[in-house]
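Both complexes shown next keep subunit A, but they swap its partner, so subunit B is in the first and subunit C is in the second.
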Partner chain A sequence: MLLSSLSILIFAPIYHGLAKRTPGKSHDDAFYESLTLHPLPDGRMSVLFEFETIFSSSESLSSIPQSHHSLTPPSLLLPLKANNVSELTISFTSGWDQIRSSSSGLLNYESSGGGGEIRGWLKDGNDIENRWNAVTNALGGLFCAGLGSKDLGDNVRDFGNIYRPKLDVTNTSHFLLSHPESHLCTENLTPFLSLLPSKGSSGISALLSQPGIIFSWESQSEGIEVLMPSGDGQGRWKGWWEGVIDLVPEKGGSRRTSISKMFNKKIPKPFPEVQNSVLRLIVEDEGLQALPSGLAKQEWIDGKIRKVLEWDLQNSTLIGGDIEFWWDGEDRFQYPRTIDPPPITVTRTVIDRVASDGTFQIILSNQDNYERKAIYSEIWPWWVKGWMSEVELLVGNEQKPELLDNLHYNPSTPPKISTTTLHFYLTIPANSKLILKIPFTKLTLKYTEHRPDAERGIEISSGVLTLLDTLPESQLAESEIFNSRRTGRKRIYTNRLLLDVPTPDFSMPYNVIIMSSTVMAVFFGLMQGALTRKWGWVELPSVAEKVVKADDGKKSD
Partner chain B sequence: MLSRLRRRETGPPPDVKSVNFTREHVSVSKTIARRKRVLALIWNKIPLIRFILASIGLLWLLLLPYEGLWKGTYVDEHALQPAQVNTKFDWDNVHKADLCLGGLEQIVDSSFEERTAYLQETFSQSGIHTSNTTKSTYAHIRPPRSKGTESILVSANWISRDGTPNLRGVATLLAMGDFLRGQNHWAFDIILVVGEDYMTGLEDFMRNYHSSFTGVIWTGLNIDYPGHSFSHIGLFYEGINGRLPNQDVINTVQRVAHFSGGIPTRFHNIPDEVKNIGPEWFGKYILAGKQLLHHFGYMITGKASAAHGVLARHRIDSLTMYCTPSEGPHGFHSLGKTVESTLRSFNNLLERLHASYFFYLIPKPWNFIPIGNYLPSAILLGSSLTIGGFDCSIPIQGLFFILPGFIFSLLAFLFEINPISLLIIPIIQMKFLNPYKLNNNKEIRKSSKSLLLLLYGSIIPTLAMLNFPQAIFLSILSLLYFNLPEIPGLVILSITQPGILLSLLDGHFGINLNLKQDWIEFGNLTWPIGIYAIWLPLWINSVVLLQRIS
Partner chain C sequence: MLSSSRHDYFPVPVLYLAFFQSPTKPHPRDEILPVMDLATIRTSLKSPQGVLCAGAAIRLALFLGIPSLCHALERRPELSTPLTSFRSLKEGVFIHDQGSNPYDGGVFFHSPLYLLFFTYIVPVSSYLLTLLLWTSVDIGSAIALVRIWKSQNSKRNERKVSLILALFLFNPYTLLSCLAKSTTSIDNAILLSAIAFAATGQITGATFLLALASHASLYPLLLLPPLAMLLKQKSGTHLASPVLLTAVSFVLFCAGLTGIIYLTASQSWIEQSWGVMFSINVNDLTPNVGMWWYFFTEMFDHFRTFFLGVFQLHNLIYVAPICLRLSDDPLFAILIQVGIISTWKSYPALGDMAVWAGLLGCFPDVVSNLRHPLFTLTVHLYTSILLPLLHSLWLLTGTGNANFFYAATMVYGLNASLAVVDALGAGLRLQVKKQATDALLREESEDRKSDGYEKDPEMMDEIWEQKGWSVVQFASSII
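Presenting the complex of A and B:
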């Protein structure tokens, strides 16, 4: 008896797996994974891991709340369910180089700008702010990162237009919390892997579970997106990890590479429960070859038809093997002198910098022959105070106020900790550079509000350009091969900014205390003396009179 | 004890019929009388006190080259960890530098367009984003793990301090670009700049920086390598307006050059060898004095000692590494290692260099004079002036007396009149602008002099915090102007008329000092503030005060 129950325990996953492959069972979970490789023009390669799990609601099974999932960890779903979350996205991103990549952002469209970000839709009801705080703190703990807000005022509530809901659920509110100072670090990898059913030991997650390799990559991004089931429908959560590898050796040479060269591992054995595990290579130029070759396809990706090679990683001939990639006839990679910029780029810098003021200069450049409609949004901490009446909109040196269709300005209320949010509804003319200038002043922070390493300055969240006129990627028109509007990338992010803040000299608090105490003491002494002194009439002895007289005599000489 | 002292003062019993009808009245009256006596004594001795203060101040100044006032340098910011890394710059990078040098030698005499085309071609072959402003070429290295929010600037300008082309400096920069690409241990973006001319290109780059770059530059290095080999690295650290870099930058470069590159360092390219004159301490004293005088020269004029100086206005802690031309033994290899290791140190910073390590004098490599050991000299000189100004009986009339000097200087600045033309102002002021014969009234003259003493006595210690040598210069000028009798006073005043002095120093005696150009091109405030707002009013008023009463 004992033995048989043990055997059930041991083989349970297998029985379960067998059962799952038979269609028609609605309460089963499913897991998909893919690894996408995308060579960039300057000898680098984008690498994107995506893991998607479908899970179903288990509420209908019993009157007692319980959670039964075979592939999804309860630590992820329970806090969301308990706090009535409808959708949630967490993302950590280290940044993106628009200049040298011909692409205006990461391969994964849901990645935010620089730093950490948590955003989501909560079902309306009592205590919505407290529920949001509970979710951020719970997931911050899960990801070993401080995702919670330091103050209620840090939460941004008016970005619902930018991050529209994916589920058709009514009566929900949007929350967003931005942490531009956070960055991706080794501590974030382990919790990420532990959320995956394959735990980093099989399938493509085995390639990912190597911090020594992963963390030397460029432009990294990690994140999850959870869509909670409503009623007894299906939910879905997706995790991604992205980075950019430099294919050119440090001393120069060819870009020739392979899976084992990039990951220091052969193609791993697949995760037994996986529905679908694919490797995709986006081929930008014809010279790129792969061996063994994958299945070629045409796909519409980010504004263009691109050739994609696909490999099924469950294929037993590939397991334990390797796939090589090389460019025909390439002996030594020559860096291109110029790189075509992506159709739309956004850069943000601070000009006219002085200690207390500056001007945000946002350059939106449109390379296309048609104008674009977009919203440019900013989130500022309370101590950044924009001079809204002096905002300028320029094309070249010419003022173009008519290009601003609308402006939503939600100012902060200092000294309470709160954020300022701005949404500029803009028209970006064809083939032009639109310059948005916002002058601002930095208010003085209380000394308790400075971060550790105060002299570093404080990061400002990335600006977001939301394109309003994009078309779905799937609607493939036969005649078109290129249309920058036909993309799933609805948002383009600027970089983060580091602003110097006026900082007291924390390195010599002792001197500062002595100095200010002395000033206080002298002032107090003077006031005390004047208030308590007795005033009266005194006659000076004759000696003093003599001296005074002598002195007077000298003066009149 | 205290009560016994008090009791002793009580003296004769109070007379109930007089004004002092209680014991308290009697003791208070005695206290007041004593206070008056002491004050009168001090008041009578003010000239002596002023003399003593000024003498101690000057003596202190003369003692600065003496070793007893120095301290050994140390690295205050522990994150810097100078010379603690294994350098990777190696002979293949030296080979690359040699190749670049060959290319550069062919375009020495070409136009800016040809040069920037070559430089950009070379940078882009290394896979770095590169572009140019109107007077500079730059490359932006974005290491994989850098966030892009902070940057380090490395520059090599086309013309060296010597006036010769800085080809090897530029070649080093090109080789560094090739070397640094793809290394993934950097946390900062690195910006490489080749500026035209000696300084103007870098200034042009800095003026355009913020419209195209997002990162904040914290630290910078300027490479100046005119010869074919070098023996020492001369460190030039004074920036525009006498702004000094945080001393940690100097200490880091010095340590890295010594321990990683094996290169000895000097300051201002002065050989660090004690001359055999008299006893050893005297030779040391003279050498330290020479170091300090060179430093004072740059600081008083507010001129940058080398091309890194333009970065000072942008709050970048930087210095110039000048490779002293020589037959050897150092070249690209040791310089490359030094630059790499220094950048690695800068790369460790989590925040700006900020400890109060901005105020120092350097009398000798590996030594410095902390602010507490030199500032008293300026304070004493300043207080000697201030004390002289306390006797000011009619300040308003005095103010009217000295105001024209300031107004004329301001007008001269606004209408760009050379300070030399202001020679006639005191005469005009005395002859024509004197309706009430103010100058004949001794009381008014005394009050106006007191006001000037108070003003300059307060400027000097304040200025000493920012620019100690300028403060010392101003205090010595003021002491001479206000205290000399008529004949030597007029001689000194005519020699030190700012306009005459500046035109003498511009192109004569091997000195090229053009403060006006420095102000227009690089923002040297010595011209508008130092000359027009401080020195010229002082000079005009001193001449007026020295004139004999008619």
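Presenting the complex of A and C:
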């Protein structure tokens, strides 16, 4: 069945999906798109656009090197091919900092923490660093955002364990470049749409190509993921755009909404080449109704069996129409007093804050009745110097150093631009709050190393909690309806942090150079005088009769 | 013979002693036990052993009594730089224990000697052992100072020994450095012991310890020439070429130490430990009391290398002139060179000033000839209030900016520089006085011993007073 195969496409690991969907003609490209709506308990709705293109390697067709592109954008794939990239993920996320780890976390699991991030696997070989730089610079241009590193030292090389390869290709190296200061802005939408075969003029992408609407959403996330074909195999590239809409009107009221209300457009005509174009609604609570009604089914999503309604948007009865959503008997939305927390949450704050020092406090809380194994990872710029010997692990007020199984610490090499990376291999006990405290010092930056808006502070990348004990969510166990381990959400991100840096006086360089040099000159002059001048004595017998007797003094030198 | 009232140049230790002499019993004279006699306690506290015991006691009492104070002092940038701080040392040992190389990142700048010592011999995590180490290190420094003084003065003078000990042990800079467990204290002890060995003519001990000190903080390397001169002066004529021997043994010890470190650790420490301190990268710009950090924070990038060269050479250029001008008194040359290093090194701390002040205590004649000791002392008092105050304004509350702390360090640096110049001037004045008095005494009576004034500086001052003579620095140059 087409729809069930699509669900696998979206939520199953790609190798699984690829195996299932190997088309008969090996060189046909295929394009799939979907729009997922997920009402959240706090009266908002998550909206996720996903566009996926399956393409095949065209090199083996003839002996002359050539490439054909029908649905795939050459501007995206050619730099990757030229630089021997195996996998690449770029994502921009903004506005999620406060809600990242809660149940309203991103629907797309591949979106990174706050800000921009580019990561990927490159095939080993010569100039791997240069090739990586070439890729980041080429794609930075594509996304109207500086994706490239300011310095080679910005690249993080030890996150391969966190972002494991999806393709079965050996001899690859992982690169990651984090830009926590980046934001998603209007300039990112046009290049994103231009990568899509439908170019924002038809299909679901027509709903997306409205900057005025899309950028009024409070939280945004966009990203692409490219798996390059190896040899004769197939590749895949997927783009996604996600946002959160507030359904409750400002003055209060019901959450009733519709496609045209959300996007100011009726359901657009489908893109002719599309294989599959589907609208999905994840129904969390009974009472959510839709008209015309979609096809209902049960699906295991993010640790839970959920009811999903699906509409085929290629269906001619829907084109040009609208789909309405409402909650039965809701006149005025009542905000729930409590929202069930997700099984694992991570928050990060700075405590014991003084201008030059502080302590990162990371609270990892586990609501489940079983302990979890996880890696907590951080990326810091070079001027954040952690004190590993003073790291504390607490449950309540009790020290629990045994919960730290292992610590991988790769310190930066100041003052060269470089990163510190940390991986804490942790056991999070059942039903408890694990507190990780990392004291740190902010090193003094040279005045040229400060940003133009130095007083604003500098962002620190999100921390990542990687769960090591997750199970595939496609395996439906009959007996269970809830198991937080069965999820594709392997990584939970913390918020970004804005650290203020102690600043020097930027107007002082000349003054400091002049004053310090003066002190040095005074010292040198006095020393030189004392060492080179003659010392002798004078006799002052009385005030009236001054006989000055000078003597050279028999100097030994 | 008058007691050397002129040489009670520093009333502070007397106050310290008074503090320790405060009676614990209401009326000690009524006590039968002579131990409880106040007078006995006072006498025993005035003896060198008493001062040493009091110095050790106050350290142990503060370490054990107010550990929170010691913990807070560990973080003070005035007392320990990233190169000498106990916190960094703990961090380095921790990383080493984890099986990683602490020199891989910009985390650890201490000498590998310290890393090995605090990993295998005195575990850095043991509060008791480290406090005992730092206490004994200060006692060792004090004993070395006494040995230096005794090598210059053959006459026994317990009172002066006590004074030298008290001046060093109760100097707040020494005391606080010790409580902060700054490795500056250990560097100082090694350096003072090296000088003490040199002052008694023991080439092996002196060169080994100087090599050790140079490994730990590199700048003591600049003391090799005056130290060789001192060894030449002290080792007498039974050695053919003491200077050459000194140089050779120093190089051998240095090579030996480097070899041991090379075998036990990797070579990445050179860049991290010596490189940060000395070579072209003053990497860590953490504020300290020196003149470097703000200068290189504010420095334009394309002039950075040039000024690093200037600042490093500035330490170097004084070695030759001082050795030439003060060739008749190498120990005094060492004093001046130590003063220059402690003021102008790349990462100075207050502990560096303590070793200079302690050495100065071994030269009572120089101190009595200082032009402005009160000024120096009061400015030190002033900066010791200003430095923590302005540091907290900038780096703790975040309300001030870097200029505040920079201003305080500049006052401190200028004052320390002027004090060094003052000491040099005093030494040269003393030299002239001695020569003139010598000539005068020889003139007056041929049979009188010409070196009489050496044992009695009081008499020399009296003669000068009577004659109405005073030493002046002329405008003309000796060259």
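One rule holds for everything that comes next: the second predicted complex is superposed on the first by the 472 of 557 C-alpha atoms of A that agree within 3 Å, B and C clash if a C-alpha of one lies under 4 Å from a C-alpha of the other, contacts with A are read in each partner's own complex, and residues count from 1 in each chain.
We adopt the following convention: contacts are C-beta pairs under 8 Å (C-beta built on N, C-alpha and C of every residue); 3 or more make two chains touch, one makes a residue touch a chain.
Note that the coordinates shown come from a computational prediction; the quantities given were computed from them, not determined experimentally.
Of the two partner chains placed around the shared chain by superposition, subunit B and subunit C are both touched by A:539.
After overlaying the two complexes on the shared chain, residue contacts for A:505 are found with subunit B and with subunit C alike. By the touch criterion defined above, A:351 reaches subunit B but does not reach subunit C. In the superposed model, A:411 lies in contact with subunit C only, and not with subunit B. By the touch criterion stated above, A:337 is placed in contact with subunit B alone, subunit C being left untouched. Of the two partner chains, neither subunit B nor subunit C is touched by A:201. When both complexes are overlaid on chain A, the residue A:315 reaches neither subunit B nor subunit C.
When the shared chain is aligned, subunit B comes close enough to touch A:495, but subunit C does not.
Residue contacts after overlaying the shared chain place A:526 against subunit C, while subunit B stays out of touching range. When the two complexes are laid over each other on chain A, subunit A has residues 500, 503, 505, 508, 536-541, 550-551, 554 in contact with both subunit B and subunit C.
Interface residues of subunit B, counted against subunit A in their complex, comprise 18-20, 25, 28-30, 32-33, 36-37, 40, 43-44, 92, 121, 124-127, 129, 142, 144-145, 147-150, 181-184, 210-216, 315, 350-352, 354-356. Of all residues in subunit A, only 42-43, 94-95, 97, 99-100, 114, 183, 215-219, 244, 246, 248-251, 334-337, 347-353, 361, 453-457, 459, 495-498, 500, 503, 505, 507-508, 536-541, 543-544, 547-548, 550-551, 554 touch subunit B in the complex they form. Those residues of subunit A that touch subunit C in the shared complex are 354-357, 382, 385, 387-389, 407, 409-415, 420, 441, 443-448, 500, 502-505, 508-509, 512-513, 515-516, 519-520, 522-524, 526-542, 550-551, 553-557. Interface of subunit C with subunit A (complex): residues 87, 90-91, 93-95, 98, 100, 104-107, 281, 283-287, 291, 293-301, 307, 311, 314, 318, 321-322, 324-325, 327-328, 340, 343-344, 394-398, 401-403, 406, 410, 413-414, 417-418, 420-421, 424-425, 428-429, 431-433, 435-436, 439, 467-479.
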